[in-house]
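Take a look at the structures below.
One chain, chain A, appears in both complexes that follow, with chain B as partner in the first and chain C in the second.
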Partner chain A sequence: MTQEELNNKLSGIKDKVTKIDKMSETRIYLYCESENSYAVNKFLFEEVPLRFVIATGIDSDDCFEVLYHYSDDETGCIVTAKAFIRDRENPIIESIAPFLPGADWAERETHDVLGIEFKNHPDMRRLILSDDWPEGVYPLRKDAEKPGKRLGGDPAKRPVDQAKCPARRTIRLSKPIVPIGPSHPLQEEMEYFQLSVEGEIVTDIDMRLSYNHRGIEKISESLQFDQVPFLISRICGICSASHPLAYVQAVEELAGVTPPERALYVRTIINELERIHSHVLWLGLAGHFIGYDTVFMWAWKYREPILDLLEEITGNRNNYGNVKIGGCREDIPNELKPRILKDMDETERKMDMLIKAVLDDPVLHVRLKGVGILTKADAIRYAVTGPTARASGLPIDVRRDDPYATYADLNWNVITRPEGDVFAKAVVRLLEVLESIKIIRQAVEKLPDGPIAVEVKEIPAGEAVGRVEAPRGETFHYVRSDGGNRPVRHKVRAPSYVNVPSFKASCIGESIPDVTITLAAVDPCYSCTERLAVADKNSRITHDYEALLRLSRDETDRIREEIGSQHLKLEDS
Partner chain B sequence: MNWRIRALKKSPWVFHVNTGACNNCDIEIVDLLTPRFDVERFGIKLVGSPRHADALLVTGGVTAQAAPRLREVYRQTPKPCVVFAIGACACDKGIFTTGYHMVGPVDKIIKEIDPNAIIAYVPGCPPKPEAMISGIVKALSAL
Partner chain C sequence: MGTVLAGRGKGNAMTQALWSLFWITVFPGFLFTFSLGLLATWVVRKVSALVQWRVGPPVLQPFYDVAKLLGKEILVPEDAQRIVFIAAPLVGMAGTLLLSTILWRVAVAQSAFVGDVIVVIYLMVLPSLALILGSSASANPYAAIGASREMKLVMGYELPLVLALVVVIVKTGGQLNLAAIAQQTPVYSISGMLAFLVSLLCIQAKLGFVPFDMAESETEIASGVLMEYSGALLAVWKVMHALMLVALPLFLITVFLGGFGTTGCPLAWSIGKYVLVLVLVILIKNTNPRVRIDQAMKFFWVYCGIALVLAVVLAAIGSYYDINWL
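And now, the complex of A and B:
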């Protein structure tokens, strides 16, 4: 679809919207009243069709706004449907989750933090606020905070109503369930998964967030524009270059600033180094889960030189804090260029070895192929991004579709696989590491001389979005300014937010050992598997983390034996 | 010296709890196990159950939803158990101090159920693996 075709198509919904606002060629806003929001969204998702990104709720002075962001990946255009809810006392809007499961969490979250009711939503349980959070207190409403009082009251005095705990409410004891989490002994964050099983086969999956909810969007509203990058680089330690970059790009779009070219190249190099370290980290942990600890140790060993490079450039192994509005904070000294190139050669050699070891292993082929398939249709319905989408045959990559930094000037490929299984996800990530090495080499060689930052004096009123291809997928930031020193609203959509709900499509019908690796394949929660208890109707069997790991590894061993015996038979005949 | 404390100092087994961290401290903790740092050389081992743990490595500033789970994990550890608050968030909630969903920091939550708990602090965002090793050595030699 070209830009013109998109514009023509969008005019098809003219009678339902009050205004079509073009901020720029690639940023289009459609204004509508809350009654028409369902029709407008259905049109955008099904008729145009666009990829759903996220919904943002905003408390404006006299009304509530719900913004549905969509992306057209062929033109790199972001289309936002802005629905106004005029009734502040009783805010209701029709849910779009029935036809767009990818919007399920976004609407639940908006309900949690702003108290907007979504009519006809299939599952309006609490998502991100804690079990003991008082009803009727909505943290992102502008009038939520009372001076001198803690938002939500004193946590020590909050009553805990166990019956209202959203995770527990869904437990139906007639069916065996496998709760995974919330506390994970090995690594990663707390998360709660609840698998309903019949024998070994998973029939349903439910999730509970909130363990890691820190209220970053609210804290961001209390910081100044130039302080925010430090906060949001701590959203996720592994994506700590991508989140600030997305935010900074949004603010730069607002202020109309273009950073100097050298800064753009530095950003490219830091972001690609981050991608390599993240993908290699994933490979190691995935190996660990299926019983290939050698891969785990190798991968993490070869990741160290990348961290050393990042430390050399930015001063920290993680949490780089290198990007600022108008440029970069730290430069890449020209003396460092030969070392980066040398390290890239070394990493490429090691990765070649790892890729051969992993992709040529007959056991892994049997263990991972055809497991946890996410079909292309489901990938679109759940609006997944990043390697998860590319492994399901969706060729989307923000670096190519809506180019930022200097990706448009460099020569590289978007890796896609049609299969959608765990093996495809591994292949996509491994080959992307090689692409990243290619990008870094070109960027280092082309690195121009000059300043690395321009001064930005004022952020005018307005709204803007920025997005970046993080290692796990598209990270999306929406920033609104009223002309003051601080953002009035800052919405963050991390890639896992859309990738995790796709478990509903990929895990059902799999056996428990396969679910372990399927959950890991999306890369948000390698360690969701810990402290696991199988509750049966009559007896209570407890599976801890090690037992589950053993299940997964036994499966690999079984396959290895099977293959081994087949080989022997072939040789005999 | 109390024999329990003496036993604790040899080959400490650790259990990792994330109470709302950004994963940075967590990947650095896992990094400790991999070839460059390899703390298993010293008998420091990450275990899969709090009941086997001599020490808890707690990261994150404790969110409202995670606090009861942290208390539960601490209750399950055999005492004496050293609690390591790893990273700026665990020490004093760090950059998330003003967050409405934060009820920490770690020492406050742990001391609510055990006023005599042994708590060690390793600051940094994230602390480098060397800093974590140094923190563990210092804490154990101070016991």
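And now, the complex of A and C:
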């Protein structure tokens, strides 16, 4: 589909929308009233058709807005349907989840944080708020209390008794179940998958997340534009280059800033290094999950030099904090170029060997082929992204479709496989590592001289989106500004947020050992998926921010003393 | 030495009973096999570590682990069948101890009885049986899945294991006596080699090592069969496993590799055989992913089964026409 065809197609829904706003060639907004939102979305998803990205709610004082973002991956165009809900007292809109299961979680989350009812939604249980969160308190409404204070007022009034809790999250126990989580050796983080089983065959799967919800979107609204990247990079240690870059790109689009070319190259290099270490990390974990610990250890050993390189460039193995609005904070010194190239050669050699060993192993073929198949149709319905989509034959990659940084100037391939099984996902990730090495080599050789940042003073009012192909898929950030120095709304959609729900399509009917590796095969990142203080079971805060900070500093001091390092006084900022 | 010791006790019933006690508890019974087993556990961990580019634990780590577990609290789940839950690991360990004592007596004292091959086969099932009982008694869904997998696995590998022994019995001219079998080396023939390789995989499954660790499979069912065990009871399982690490390779050596000589040069040769079997087991463990239970059963019944039926036929032809290498 070309840009023109897309424009023509979009005009087919003219009578249902009040306005079509073209911010730029590739950013189109359709305004509509809440009554027409269902028809507009059905049109966009089924008739045009576009790939669903995420739905967001915003409290814009006089009304609620629900934004449905879609992407056309051939033109790199983002089409956003903006539905206005005028009735603030009783906000209702029709759910699109019945025909678009990928929107299921997004609508549940919007209901949790803004209190918008989604009519005909198949499953309106809570998604991200904790069980004892009081009814009728919506954290992202502008009349909610400011963060820092406890939301919802008097803790004594909270329904702490499970029996009195809103029953929406209660999980029905009618069949024999095998719980995977909340804490389970399969997972590095807290997440709950409830497998209903008959013998070893899984007949149904239910998911529950948000054991570690940190309210990052809310905190982001209280920070200044230039502080947000530091917060955002803490969404996830592994994707700590992708998230800030997506945010920064959104703000740069808003402010109309183009960063200097050298900065774009630096961003490319760091992001590709991140992809290599993330994919190799996954390979190791996947090996561990199917009992192949040798692969686990070898993969992680080969990953170490990449982390060393990242530390050399940015000062950190993870949480690089290198990207800022208008460019980068730290340059890659030209003296480092030979070292990067040398490390790339080394990594390529080792990865070639590892890839051969893994992809030619007959036992792995038997174990992983045909397991946990996500069909192309399901991949579209659940709106999955990244290697998960590419292994199901969907050739989508933001780096090529909506190029950012310097990907358009470099020569590389998008890897796809048609099978959709776990083995295909492994192949896609492994071959992508080799592509990343190719990209880094070219970027290092082409690295132009010049400044690495321009100064940005004002962020005008408006809204913008930024997206980046993170290792696990498309990371999507939506930022709205009212001309002040803080975002009024910052929505984060991490790739696992759409990849994880696809388990409903890929796991049912499989046996337990196959389901566990399928769960791991989308490389789920729960901290990304969930985006505050230590509380006991009665929701009393036992350690607030200050206490945690003090605890961690005491611990650092103790360790320093133990290893005989110089005592360093840490000052409160 | 062994014959002397065994012979001396003949006169006095009391002395003989004391000697038997010594056989079972000290040498070559519990204390000796236990120490050797923990050492073997260390070898497994250390070699695995080296294959995986890790440093690995110090030699005494398995002893520390068992000692630590002995000092920990034993938790019995409320819904568990208490008696079975507690007795299962003890039964399993006792069975393995008996197994290793019988095998050691064959090696050290050439003392055997007709039909001990059959007894050994039965005793080798006991640890798996105990695991199934203990985990079923623990009233945990993960353990239940583990138990059902262990059960299927036992059914899977018992058939090829028995067939492998049939090959040996045919090769040795109908011997049902371990000491007599140990005089010969069936592995120097096609059928014997086949039987040995399949038995090695059966041993791998009995030990619960990758690729056949689906009953425990940590990342799926969180160590399944052992899930509810803690403290001293868990230590008993660990000790049982350590004993198996001695007894099962010893069984292979006795049956296929010409027995375990205990004096002079044969001793060094025997230790070499033991290390060979152990290293083979460790290498298989470290170069494979875990397979599914249905794949394991198919492997044992179809592939190993067919290979062994072939081996039995070869062995029968070989013994009928006196062709030793068949």
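What we mean here is this: the second predicted complex is superposed on the first by the 496 of 573 C-alpha atoms of A that agree within 3 Å, B and C clash if a C-alpha of one lies under 4 Å from a C-alpha of the other, contacts with A are read in each partner's own complex, and residues count from 1 in each chain.
Here is the rule we go by: contacts are C-beta pairs under 8 Å (C-beta built on N, C-alpha and C of every residue); 3 or more make two chains touch, one makes a residue touch a chain.
Given the structure is predicted, the values throughout are model-derived calculations rather than measurements.
Visitor: So in the superposed three-chain picture, is A:I177 touching just chain B, just chain C, both, or none of them (first/second/both/neither)?
Guide: second
Visitor: What's your read, chain B or chain C touching more residues of chain A?
Guide: The partner that reaches more residues of chain A in the superposed model: B.
Visitor: Name the contact category of A:K301: first (chain B only), second (chain C only), both, or neither.
Guide: both
Visitor: According to the stated criteria, A:D293 is in contact with first (chain B), second (chain C), both, or neither; which is it?
Guide: second
Visitor: For A:L410 in the superposed arrangement: first (chain B), second (chain C), both or neither?
Guide: neither
Visitor: Let me test your reading of the model: by the given contact rule, A:W133 touches which partner, first (chain B), second (chain C), both or neither?
Guide: first
Visitor: Take the contacts of chain A with chain B and those with chain C, and give the residues found in both.
Guide: Shared contact residues on chain A: 184-186, 296-297, 301.
Visitor: In their complex, what parts of chain C are in touch with chain A?
Guide: Touch residues, chain C against chain A: 48, 51-54, 141-142, 145, 148, 210-211, 213-214, 217-222, 286-295.
Visitor: Chain B touches which residues of chain A in the complex?
Guide: Touch list, chain A to chain B: 129-133, 139, 150-152, 155, 160, 182-190, 210-216, 218-219, 222, 230-231, 234-238, 240, 281, 284, 296-297, 300-301, 304, 317-319, 530-531, 544-546, 549.
Visitor: Show which residues of chain B lie in contact with chain A when the two form their complex.
Guide: It comes out as residues 15-31, 34-36, 46-50, 60-61, 63-69, 72-73, 94-96, 98-103, 125-126, 128.
Visitor: Please name which positions on chain A make contact with chain C in the complex.
Guide: 176-179, 184-186, 199-200, 287-298, 301, 361, 363-364, 366-367, 511-514, 516
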